[in-house]
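The structure under discussion is supplied below as C-alpha cells; questions concerning it will follow.
Residue numbering begins at 1 within each chain, and the chains themselves are lettered A, B, C and D in the order written.
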Amino acid sequence: MTITAAAASAGKDTQDEAATTTTALTLGRSLNEGLRQAMRDDERVVLLGEDIASLGGVFRVTDGLAAEFGDRVVDTPLAESGIVGTAIGLALRGYRPVCEIQFDGFVYPAFDQIVSQLAKMRARSRGLLRLPVTIRIPVGGGIGAVEHHSESNEAYFCHTAGLRVVACGHPQDAYDLLRAAIACDDPVIFYEPKRRYWDRAEVGLGGPVDGDTLGRARVLREGSDATVVAYGPMVAVARGVAEVAASEGRSLEVLDLRSLSPLDTGALCRSASKTGRVVVVHEAPVNVGLGAEIAATVMQHCFYDLEAPVERVGGYNIPYPPARAEGDYLPDLDRVLDAVDRVCAG
Amino acid sequence: MTITAAAASAGKDTQDEAATTTTALTLGRSLNEGLRQAMRDDERVVLLGEDIASLGGVFRVTDGLAAEFGDRVVDTPLAESGIVGTAIGLALRGYRPVCEIQFDGFVYPAFDQIVSQLAKMRARSRGLLRLPVTIRIPVGGGIGAVEHHSESNEAYFCHTAGLRVVACGHPQDAYDLLRAAIACDDPVIFYEPKRRYWDRAEVGLGGPVDGDTLGRARVLREGSDATVVAYGPMVAVARGVAEVAASEGRSLEVLDLRSLSPLDTGALCRSASKTGRVVVVHEAPVNVGLGAEIAATVMQHCFYDLEAPVERVGGYNIPYPPARAEGDYLPDLDRVLDAVDRVCAG
Amino acid sequence: MSTHSAASSADGVLRLVDPAGTLDDQTAADMLEVTGDLVRGLYRDMVLGRRLDQEAYSLQRQGELGLWLMSLGQEAAQAGSIRALRADDRVFPSYREHVAALCRGISPTELLSQWRGTSHGSWDPERYHFHIYSLVLATQTLHAVGYAMGVRYDAADSVVFTYLGDGASSQGDASEALNWAAVTSAPVVFFCQNNGWAISTPASKQYASPLRERAKGFGLDAVSVDGNDVLAVHAATRRMVERVRAGGAPGFIEAHTYRMSGHSTSDDPKRYRDDAEAARWQAHDPVERVRLLLTARGWADEDYFATVASDAEELATRTRRECRALPEPSLSDTFRATLCDEPESLRREREAFETYLESFL
Amino acid sequence: MSTHSAASSADGVLRLVDPAGTLDDQTAADMLEVTGDLVRGLYRDMVLGRRLDQEAYSLQRQGELGLWLMSLGQEAAQAGSIRALRADDRVFPSYREHVAALCRGISPTELLSQWRGTSHGSWDPERYHFHIYSLVLATQTLHAVGYAMGVRYDAADSVVFTYLGDGASSQGDASEALNWAAVTSAPVVFFCQNNGWAISTPASKQYASPLRERAKGFGLDAVSVDGNDVLAVHAATRRMVERVRAGGAPGFIEAHTYRMSGHSTSDDPKRYRDDAEAARWQAHDPVERVRLLLTARGWADEDYFATVASDAEELATRTRRECRALPEPSLSDTFRATLCDEPESLRREREAFETYLESFL
C-alpha cells in the first residue's frame, strides 16, 4: 500500500487541475479511495450499510471512512429494505447516499424498494425528482464462500428500466466508475467483483470525475479472430484467455462492458462486426442472463457479419453450488477457450 | 356461465375415467374451476392471499372457494413476504399452498423468499425437501390500471434456477396448467394474463392432471413463412397477427410457449428451423427479457437455418407508462406485423 | 366479521368532541386553544375534501377517471393532522390522502391526473412539501425515515410526517421503518389511519394487539385518537409533532376512523361487510359533528355554512373542468423521465418509437 | 460502544442460577423440578457443544473448513431451550445453533459439511425435526409460522420453535412473522439469542426498546431470561412451550447472552469491541456456573466431570475424522436436486457438463 493520506488530500486540492497521483492499489483499496474522494468532493455523500463504520465493511472497502467522516458513515440496523428505503428518503432530501449490500445474496430483501421505488420514482414524478443513490454490491463467486455469498444477480437489475448497472473489473475502473456512479444523478447498481478485491494494479487517483465513463465499454485488447465480451470478475479470465489464444496464434479482442445497462451497443457491435465471432462470459446462469441480451443484440445489429452463433459461457441453470464444487460451476479459462474454439470453427 | 355445481362435482366423481365436461368459461372462471378441482382432489391444497376468502380475490378467481373449503382459503395479513414465507413452511409440513399475489407489481416484497428460499431450498437440502408451492400472479397491462398493476416480471423468475415459470394464454390452458402446477412438486410461478380474464372459450373440465403439459409449448397454428412466439396475454395478439397475415397471403406459425422456464427448446427450434424466421412478442421490456433468451437460443441451435435475425417485439425499456399511454407501449397487431415484415424481408 | 367499532375515550383513545358535537372543554383546555377560527377552518377543509372526493367518484362513474380511491369518512383524520404541521414539514402520504393534499394546496388537476391515467404522480413534491402518492404499501414509511435522517443532518427543525393504513402496517417495511426511526431518533411521525379495512380484510385479521402498542414496543411515543374527531386529531398531532420537533423520540398516532365507501370504485363492499356496520359509523360522521359544534357554540351561522357549501360546489365544477382538460400523456415523456441524461440507447429507442408513431399520421 | 451487559434478575430477566453457581431454590421451585439428572444432562450438552465448536474452529484454522460461526458462550441458551422441546416439536434454526443441533442428534459430519463447502445443508430435517440452517437472516421465522399453521390444520399438538438473533430481529421478515403468528394464533415460539452483536453492530444500534416489548406489542406472550443460565432458559422455554401447546398465544423468549468469539472465523472482533467487554462476560460463563452448582450440591463428582471431558475429547476426534472424510460434492448432484423431475433442458445441460468433465480425464 503506497498511498498516504497526504497524497490523497493533495489529490483533492489539485483536483481541478486534473492532477493525478499514481500508485499501486488493490481493487478494494481503489474503491476505498474512490469513496473517500467522493466524500471529500461533496459533503452530501453519505454511506449506509451493515458493519461499514467501525468494522469498515466485511471487505474493508469503507475502512477508515468513519474516522474521517464521522456520522456520514452509518452502521444501519440489519435490514436491506430499510437501507435502500431510507437512502431514497435521503436522496429526496438532497443527499447522495451510497449503500453497501454486504453480499450479493442479501440484496433481495431490498428488491421491492429498488425495483418499485428507486427505479421508477423519477419517471413517476415526470422527471421532477432525482434519485442519486448508488448501491454497491460485492458480487460473484470464486472465494469458497457459503451459500448466498456468491451470487451474480445483475440480470434482474439490467432488466429493470430506470436503473443504471455497472461492474468494475480492475482497480482503475473501480476507482473511476465508483466516483462517476456517485456523481451520477440516477440510481446506479454498482457491482464489485469480490474475488478481485485483492487484485493489485497501478491506479491514477484524483482528477475530475468523468461522467462518460459510466456508459462506455472498453476494448482491453484488440484482436481480429473473435471477440470475448466480459465484465466484472470475468474480465481477468477473458484477458487470460486472450493471452493463451495468442500463444496459439489466435487473435482475440477483449471487450469489458463496464456498463451492463444501458449497454454500449455501439462498442459491442463494432467489435462483433469486425471479428464476426463473439463469446460472452459471465458467472450468472445463462438462462435469461445478460449474455442472452448480448447475443440477441449482436444478432439484431450484426446478423450479416456473423460467421457463427454467439456463444454464451456462464453459470449453469442451477442454484450456486457448494463451495467445493464452484470450480466446476464458474466459467474458467478452459471453458471459455472451448467456446472460442467452437465459435471459430463455425 | 353454463357450469353448475352438479356438473363440477360430477366431474370429480368420474375423474378417474377421464370424463370431462365441456362448457363455455372465461379464463378467470377456468382458473376458479381449476382451483376447485385441485382442492377437491387433494385436501392438502390450501390457498393463501390477500382478499381471497370473502371477496374471492380482486379478480374473483377464488370466488366461492372459501364457502366450499372453509379455512383452507386464508385471507392473510397484508404482507407478501409473509405469504410466500409461510407457504414455504406449510409446504414443509406437507401442504400444497397456492399463493395469490394481488397484482404483478406487488410480488417484489416477496422476492427474497421466492429467490433465496423457495427456489433454492430443494437444492440446498440435496434434494431431500420438496416445495410444492404455486404462486399465482395476475400479469401484464392493457386494462387501464394505475401504476404497479400492469407489470410483466417473468424474466426475473425465469432467470432464477429452481423455479418453474408458466403462463396461460387461454381458458383451457388456464385450467389444465393450473392443475398441473399445483400437482407439481416444484415451486411454480403461475402467470395469469389479467386482461384475458374475461376471454371466453369452451373448456373441458375434469379428467386427470396431465403433468407433461407443464413443460410443453404448443403450436397453435401451423405456418411456413415465419414463426411468432408468444405467451400469456400476447397469445391472442399472435393469433390475430397470423390471421391478418394469412389474409395477406403470408403463412405464420404461432407458438404458445406456456412454459417460460424451463423452455421447450425442442418445440421452439423445430418451428424456427422450419420457417427460418422468428418474431418473439412479450409485454415486458425487451432489455434482458425472455425474448433475448428466445433469440439467443434460436441462434444457438438454428443459426444455419435462420434467414433473418430474430425480431423482438416488447415493452420499451422504460417504466410502465400511465394508463392512457399504454396503448403505445404494449405490443399490438401493428407492431408485430411490422416485425413480421422485417423478418420476412430479411 | 369485523369488530372495528367507533372509538370512545374509554379505551385510552383521545376524544374532544363527541358525535353529538359536544366539546369536552376540560380535556381540550389541556391540549389546544379551541377557537371559532380554528374550527371553521377545519370544517371548511373537510367539506371541500368531501366534495372533491364525491366529484371524483362521479367522474369515475362517468368514465373520466380510470379509478378512484374514496376518502369519504376520513376527512377529520386528514384535515386534523395535516393542519397541525408547518408548511415545511415534509409529508409522505400513502394514496388516499386527498383531503390532506387539498389542504396543502395541491390542485384538483394534480390530484386527479394519476387516477385518470395521465401520469403516475403529477405534483411537484418540493413545492408542496408533500410527496407523490405511494401505491406499494408501506414503502413510503422508509422514505420518510430517510428524509428525516437528512433533516437531522441538516440540523433543521422540520418534522417528517407519513401516512399509512391499518393494512399497510403488516408489511415488513412498516416495521423496519418504526424500528429505524426509533434507533436513529429521526424526527418523524407516523400517522396511521385505521379505517377498519384493507380492501375486504378487516383490521381484526391484520393484527392481534393495538397498533399503538406495537409502536411503543419499537420505542416510539404512541397515542390513539378518535379519527373522526377533527379536534382530537388536530390536538394530538400538534402535540406529537412539537414534541418531535423539540428532539423527542419519533411518534406514532393511530386514528380510529372508517372507510365509509368501498376500497375503490372497483370494489363492492357488499361482498364482505354488513351495511349495518357503515350505518353505525354514519352516526360518527366527522363533518356533521363539527357542524353541530359550530352551531352550538355560535361559531358559525347559516351564511357561513352556505358560503362553504358554495365554495365546495365551485371546487366540484373546477375539478370536473380540470379533469377533462388534463393533457394526454405521451410515451416520449416517460422515455425522457426514465434517466437523467438520456443515454444513447434510450434516445435511439425513443426516436424509433416516435418515427413509428409518425408513420401512422 | 455497546451497552450490552450481562443480565440480572432485577430488570425482569429470569435467572435461577447466578454466576457463582448459586441456585435460587425459591424461584426455581415455581418453575421447574431441578434434579441432579437434569443439571448433569445439560452440563454434558454444553461441554460437548463447546468442544465441537472449538474443534471446528481449529479445523477452520487448519484449512479444513471454509468458515465457521462460533457458538462459544451461547451453550446455555441453546441446550437449555432445545432440551425443553419434545422430539416432534419442529425447530427452525438460524445458523449458529450447533449446540442445539448436537442435542437433536445431528452428527458432526452433518454439521460441518456446510462449512467445509461440501453442501449447503446436509441433514434430513424430517429425521431430526430440525430444519437446515437459514443464512438469509430471519427468513426462517416465516417458515416456522407457516409450518405452525400446518400443525394447526393437522390438529396436532406439537409446537414450532425458531431461533433468531438480535440483528435478525430488524429484518422485515421477523416482524411479519411475529405479527402473522399473533394474528393466526399459530403454535410457535420465537427464541431470540441476543448475544449483543450482529457482526460489528452492537445491539444498541439494532433496537431502541427491549425486544421483549416489541414481541408483546405484536400480541405475543414474551419473557426475558438470562441466556447464560441454562436452568433459567430451560424453565422459561418449558413453560412457554407448554403454554403454547395448550393453545395459548404464540411466545417469544429473549435470552441475554454473549458471543464470546468473533462473528465467524473471518471476523476480527478487536476492530470493533473492547477486550474488556468479553472479559466481563467471562465471569458469566454458562458452563462454569453449572459446574459450580453441580459441585456445590454434590450432584457430580470428579469422576463425572472426567467422563464428560473424555466424551468431549472423543467427540472432537470424531469431528476431525468425519470432517476430513466428507465426500467432495459434485455439480451433478446439484443439477439433480434443482427440480423434482429433471426437465429435459436441465438433463441435457447436466449431460453436457458431465461429458465436458470427462474430457479432462
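Everything that follows uses one rule, which is that a residue touches a chain if its C-beta (ideal position, glycine included) is under 8 Å from a C-beta of that chain, and two chains touch if they have at least 3 such contacts.
For reference, the UniProt names are A, B = 3-methyl-2-oxobutanoate dehydrogenase (2-methylpropanoyl-transferring); C, D = 2-oxoisovalerate dehydrogenase subunit alpha.
On a predicted model such as this, the values are computed, not experimentally measured, just so you know.
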item	value
Chain pair showing more contacts of the two, B-D and B-C	B-D
Relative to chain D, chain with the most remote C-alpha centre	C
Chain A and chain C: spacing of chain centres that average the CA atoms, whole Å	41
Centroid spacing, where centroids are CA-atom means, of chain B and chain C in whole angstrom	37
Chain C-chain D separation of Cα centroids, rounded to whole Å	44
Touching two or more other chains - residue numbers and ranges from chain A	76-77, 79, 81-82, 105, 108-109, 112, 116, 120, 123-124, 147-148, 161-162, 262-263, 316-319
Sites on chain C at which at least two other chains make contact	119-120, 136, 170-173, 176, 179, 183, 205-207, 334, 338, 345-346
Contact set on chain A toward chain D in their complex	50-51, 53-56, 58, 75-79, 81-82, 105-106, 108-109, 144-148, 316-319, 321-325, 328-329, 334-335, 338
Touching residues (chain side chain C, partner chain B) in the complex	66-67, 114-120, 135-137, 167-168, 170-173, 198-201, 205-207, 266, 271-272, 328-331, 334-335, 338, 345-346, 349, 353, 356-357, 360
Contacting residues of chain D [partner chain C, same complex]	170-173, 175-176, 179, 182-183, 185, 205-209, 213-219, 249
Chain A residues within the chain B interface of the complex	81, 105, 108-109, 111-112, 115-116, 119-120, 123-124, 147-148, 155-156, 158-159, 161-162, 261-263, 284-285, 287-293, 295-296, 299-300, 303, 308-312, 316-319, 346
In the complex with chain B, residue positions of chain D that touch it	92, 119-122, 124-126, 131-132, 134, 136, 139, 141-151, 153-154, 172-173, 176-177, 179-180, 183, 333-334, 336-341, 343-346
